[in-house]
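Shared between the two complexes below is subunit A, which has subunit B as its partner in the first and subunit C in the second.
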Partner chain A sequence: MEKNNAKAWLYLIPAGIFLAVFMIYPLIDVFVYSMEESYNFASQTSRGTGLFNFSYILHDTYFLQAVKNTALCVIITVPISTVLSLLIAFGLSSIKPLRNLFQTVFFLPYVTNTLAVGLVFMILFKKTPYTDGMVNLLLHFFHGPSIDFIDGPYWAKMMVLCIYVIWIVMPFKILILTSALASVDQNYYNAAKVDGTRGWRIFVRITLPMISPTVFYLIITGFIGAFKEYSDAVALFGTDLNAAKMNTIVGYIYDMLYGNGGGYPSYASAAAILLFAIILTITVINLMFSRRHVYY
Partner chain B sequence: MKVTIKNLTKRFPGRGRKDPETVAVNDFDFEIPSGELVGLLGPSGCGKSTTLLMICGLLTPTEGKILFDGEDVTDVPPEDRGVGLVFQNYALYPHMTVEQNIMFPLGNLRGQDKLSKEEMKSRALEAAKLVQIDSLMDRRPKELSGGQQQRVAIARALVKMPRVLLMDEPLSNLDARLRLQTRVEIRRIQRETGITTIFVTHDQEEAMSISDTIVVMEAGVVQQIGKPQDVYDDPHNLFVAKFLGTPPINVFEGSLKGGKVVIGQSEVFDIADLEADAGTDDERFRSGGVKKGSGRKASEAGDIPVWVGIRPEGFYIDENGPLACRLKGVEVMGRDVTIVSEHPSFQGEAIRTIVDAQSGIDTTKSEVRYRLRPGKVFVFAKDSGERLYGEK
Partner chain C sequence: MKKRTAAKVITYILLILWALIVLFPFYWMILTSLKSYSAYNSEYVPTFFTLHPTLENYVNAFTQVPLGRYLFNTLIFTVITTVVMTIVAVLAAFAFARLKFRGKNIVFGLFLSLMMLPNELVVITNFATITNAGLRNSFPGLILPSVMSVFYVYLLKENFEMVPDNLYLASKVDGTSDLKYLLRVLVPICRPTIITIIILKVIECWNSYVWPRLITDDPDYYLVSNGIQELRENGFGRENIPAMMAAVVVISVPLIVLFLMFRNKIMEGVLRGGTKG
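Our next item is the complex of A and B:
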């Protein structure tokens, strides 16, 4: 037994080394940075330790804007994308003809480059000297007002970002949900049919509980993904997100490290620690909720 | 309720030119009297489950009709037929408690049939008491044993008081001991409720032990319908004879010569005995609507190749008996003894015969000789497998 134990540790060493160097050490380092006031990379010095960094970023309007943007993005995109994916997956598993074609169509955004998608969104939404963008043309057709979605009012920009995020995260969810739906034993549906169960009741009382573990997996990963939102905002609004008032928490961290006003690892670390705390809290709440409502 | 099945046929389309259509059930005609327990018996793929699903309404027949008490339900959807179905794997909803599972069908009732929560609960409790699981109402299916799950499935099928109860391989997921227990239980529940019940099984012992009537099927065709004992004692063809009975019937390659049944070189049996036996037993077994025998007269018999089937209990040990077999071994079962022997004309592994423990077999000898018991010997045509002689 003892010998086996030693062997097991030996096998774990390679993975352990990588984890320690690339995961555990940076984590500790980030935590240390976040506590050190005005840490300087070059001189490896700081002016002292304490919670000053946290206090600073919590009073920074850019950070508060980023938190607000991120929170809005999470609250809007996670439920909408999950529900839409569920409906589409349910529709996909209910049809027979052209099913493969539709599956491919719905999966396309997943394999498409983020920036290429950004370009398509530009054509849809961006105002240029030559055109107002496809969506505006459509609005004009219905005698609606002209809206600048990319450089215009905050709500318009937020809407574009949310549509973009929803569109980009849905393929994966649809894929996972379709396979979850396919794995529900047909006998449950037959049993329900013999008992004269109506479609909606079958969906709510049988289908949904059966795939609930998958749905909650998608909700948890959806929350985490949405909190880490950054690249989609860049694709839409460019790199100067603070100016566009469309920065996200991850964007703020990046800006603090390398952006225009870069060179502030302490602030970046403090923001990263806060993001970590937020995601951890939300995930724990999710898990507690799912323990009560997810079966198996 | 009386269930009538008329010319029921189900064909599944093939997948293209090389795969012809499959006839799962072919021209099934049968009437199930009200309150009976009927077993559909056959090897896997014989169409028994297809028949059950058609009676249930989950499959639509290609041809033929299904009538409940004279009312044509062929095109009625399953929920309006008033049938309860117990699935082979029970299909209990894993996320619901036992009570919720049993109550689920009641929640589907609408309009004037709609029940209050209290009524549903009391109906569910009633059904649970019938199958003796009323103490487990708050459990989830995975916290139950296989036998308990089975009972929940039956309770769920019974709770809406179906006119017909259908069970698809109800015992196949249980271990051997539980199977014995549960089949007695199914019989009791069926008796208590008086609901016409049809169940599907591939286990002949299961079907024989609890059914009022068994229907033996093969390749979509009904082979024989009758009371279990009748079908056992009077098989219409070789398939039925081989399918029923443990140990299975011993089949020899033989021939008919001058009024005698010949196995190998020895005349083992007189054809007259086959017919005489049929005559005397005629009153004991009333054939339940099955076709009359197609047996030929003994005098017509020339030198015809046949299969000779002899039930394991159809052998007497007799030193001067006509059938000589090479002795391979003896298995003592207590009450009786199974003798394992060999014969060149035998079809299969080894001849198994059951004799009385007191019959005094000499295990030192290499040969055992048998005399045969009338009524336990059946002769089948070699080509068609149809029974010759003495069919009732």
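Our next item is the complex of A and C:
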């Protein structure tokens, strides 16, 4: 037994070293950083210990802009993508021919490089002196005005970002929901059919309650994912997100750490901890809510 | 009955519409990459097809900017990270699944709780660690913090536990060592799961952007994500969109091919708990 014991730890050593150096130590260190006021990475000096870093970022207009952008992105993309993926997954599970083909196609955005395909979206939406871009042509067709979605007004930029985020997150949601729908016990449907229940009632009374745990799971992961939104924004608007007024909380963390305004890990840590607090709060609220409304 | 047909038609229209939305960007990038520079810039209204496809953009993508270098870097990064991750994860999963040791449940519980940690919390110190170790702009600096994936250890452990105990006991009777049992019996039996985590890790590595961006500012060490961002900001000259699209196609193709080859494995792996990393 004792011999076995020592051997087991031997197998865990490689994983343990990686975790200790790159996850556990950093986890403690981030709180240390967040308390070291205005710690400068280049000069390795700080002004003292305290909560100044938090107050600094909460008064930083760039941070407030980032919070606003992120919150808007969350509020817009999570409901739309959830409802849309429900519709599509429901459609998928009600057909037989071509189902595999559709599933394959719908999953494609998952395996693409966000930065690379973001460039395609940028070109579709961008207005340059040479061309108005695809999307503007579509707007012209409906007699709309041309809008520069990439360098133009705030709402237009936000719209493009949300569209791209939804395009990226849909494959995951469709996949999860389709499999949840497939696992609903067929007997419920047969019973409903015997009772002569109508289609819409079946959906509301049987399907939705049966897959509600999955839907809640998707909402939680959707919230967390959208709060961590970053590389999609870089793909569309370039690395200088502050200048484009399209920065996100995660983007703010990285800019503080490294980049034009970088070299301040203490501010970055404070922002990261606030982000973590937000995510944790939402998860807890969601869990409390779901316990009351999910039919397991 | 008529109502049912109508519902079917509406369903198909909805699905086809979404398929078009998904496919259109791919179509557009391939189409644009085949248009010549002058043809593209003379189209105020972009055309939906081209009668004179050209491969000059692909030549430009490899000759005017170091796209080949970016691809090569990404390949090295992906292969080494994935190989090291697989070895580390298999060993750890074996310890959790098969061996009995005191405090196993506590260690595993702590281990699982690490899965909840957002990457943003630990990246700050990792940045400092790697910078202070002088590993900026190097492969070890890129690879080391990217290796560990708690989730894959969990997935493997679950799979290892499904293998009947009898096999382990039999091998013990035969005097086989634990390591030999792991390599000769467990790994071959659990090959499907191991392949799944390898593919998921490859996708993650190929698309990783944030860490490489933080830790490299020398284009010699750029991965494809950083390379494409660099191309966009100072590559071909800002307006050479067709060449940029050729680079985008080159970067996207390997993963799409991988997906079409291992479609079921990838979808099953994602279903079992992967999120977009």
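Everything below uses one rule, namely that the second predicted complex is superposed on the first by the 270 of 296 C-alpha atoms of A that agree within 3 Å, B and C clash if a C-alpha of one lies under 4 Å from a C-alpha of the other, contacts with A are read in each partner's own complex, and residues count from 1 in each chain.
Assume contacts are C-beta pairs under 8 Å (C-beta built on N, C-alpha and C of every residue); 3 or more make two chains touch, one makes a residue touch a chain.
All of these numbers come straight from a predicted model, not from anything done at the bench.
On the shared subunit subunit A, the superposed partners subunit B and subunit C are arranged side by side without overlap. Contacts of A:R198 after superposition: subunit B is touched, whereas subunit C is not reached.
Applying the stated contact rule after C-alpha superposition, one finds that A:I206 touches subunit B and leaves subunit C untouched. Within the superposed three-chain model, A:V74 lies out of touch with both subunit B and subunit C [touch as defined at top]. Shared-chain residue A:I88: touches subunit C; no touch with subunit B. With subunit A as the corner point and C-alpha centres for all three chains, the angle toward subunit B and subunit C works out to 80 degrees, nearest 10. After overlaying the two complexes on the shared chain, residue contacts for A:A233 are found with neither subunit B nor subunit C.
Residue contacts after overlaying the shared chain place A:D185 against subunit B, while subunit C stays out of touching range.
Subunit A is touched at more residues by one of its partners, and among subunit B and subunit C that partner is C.
Once chain A of one complex is fitted onto chain A of the other, the partner contacts of A:W9 are limited to subunit C, with no touch recorded for subunit B.
In the superposed model, A:L161 makes contact with neither subunit B nor subunit C.
Between subunit B and subunit C, the smallest C-alpha to C-alpha distance in the superposed model amounts to 11 Å. Overlap of the subunit B and subunit C interfaces on subunit A comprises no residues. The part of subunit A that touches subunit C in the complex is made up of residues 1, 4-5, 7-9, 11-12, 14-15, 18-19, 21-27, 29-30, 33, 41, 87-88, 91-92, 94-95, 102-117, 119-121, 123-124, 128, 130-134, 137, 167-170, 172, 175-176, 179, 199, 221, 224-225, 228, 230-231, 234-235, 238-239, 250, 253-254, 257-258, 265, 268-269, 272-273, 275-276, 279.
Contacts from subunit C toward subunit A in the complex involve residues 7-8, 11-12, 14-15, 18-19, 21-23, 25-26, 28-29, 32, 41, 43-46, 87-89, 91-92, 94-96, 99-102, 104, 107, 111, 114, 117-118, 120-129, 131, 144-145, 147-148, 150, 153, 178, 203, 206-207, 209-210, 213-214, 224-225, 228-229, 232-233, 239, 241, 244-245, 247-248, 251-252, 255-256, 258-260, 263, 266-267, 270-271, 275-276.
Within the complex formed with subunit B, the residues of subunit A that make contact are 185, 187-188, 190-198, 201, 205-206, 209-210, 212, 295-296. Listed in rising order, the residues of subunit B touching subunit A in the complex are 56-58, 78-80, 83-85, 87, 89, 91, 93-95, 104-105, 107-108, 156, 160.
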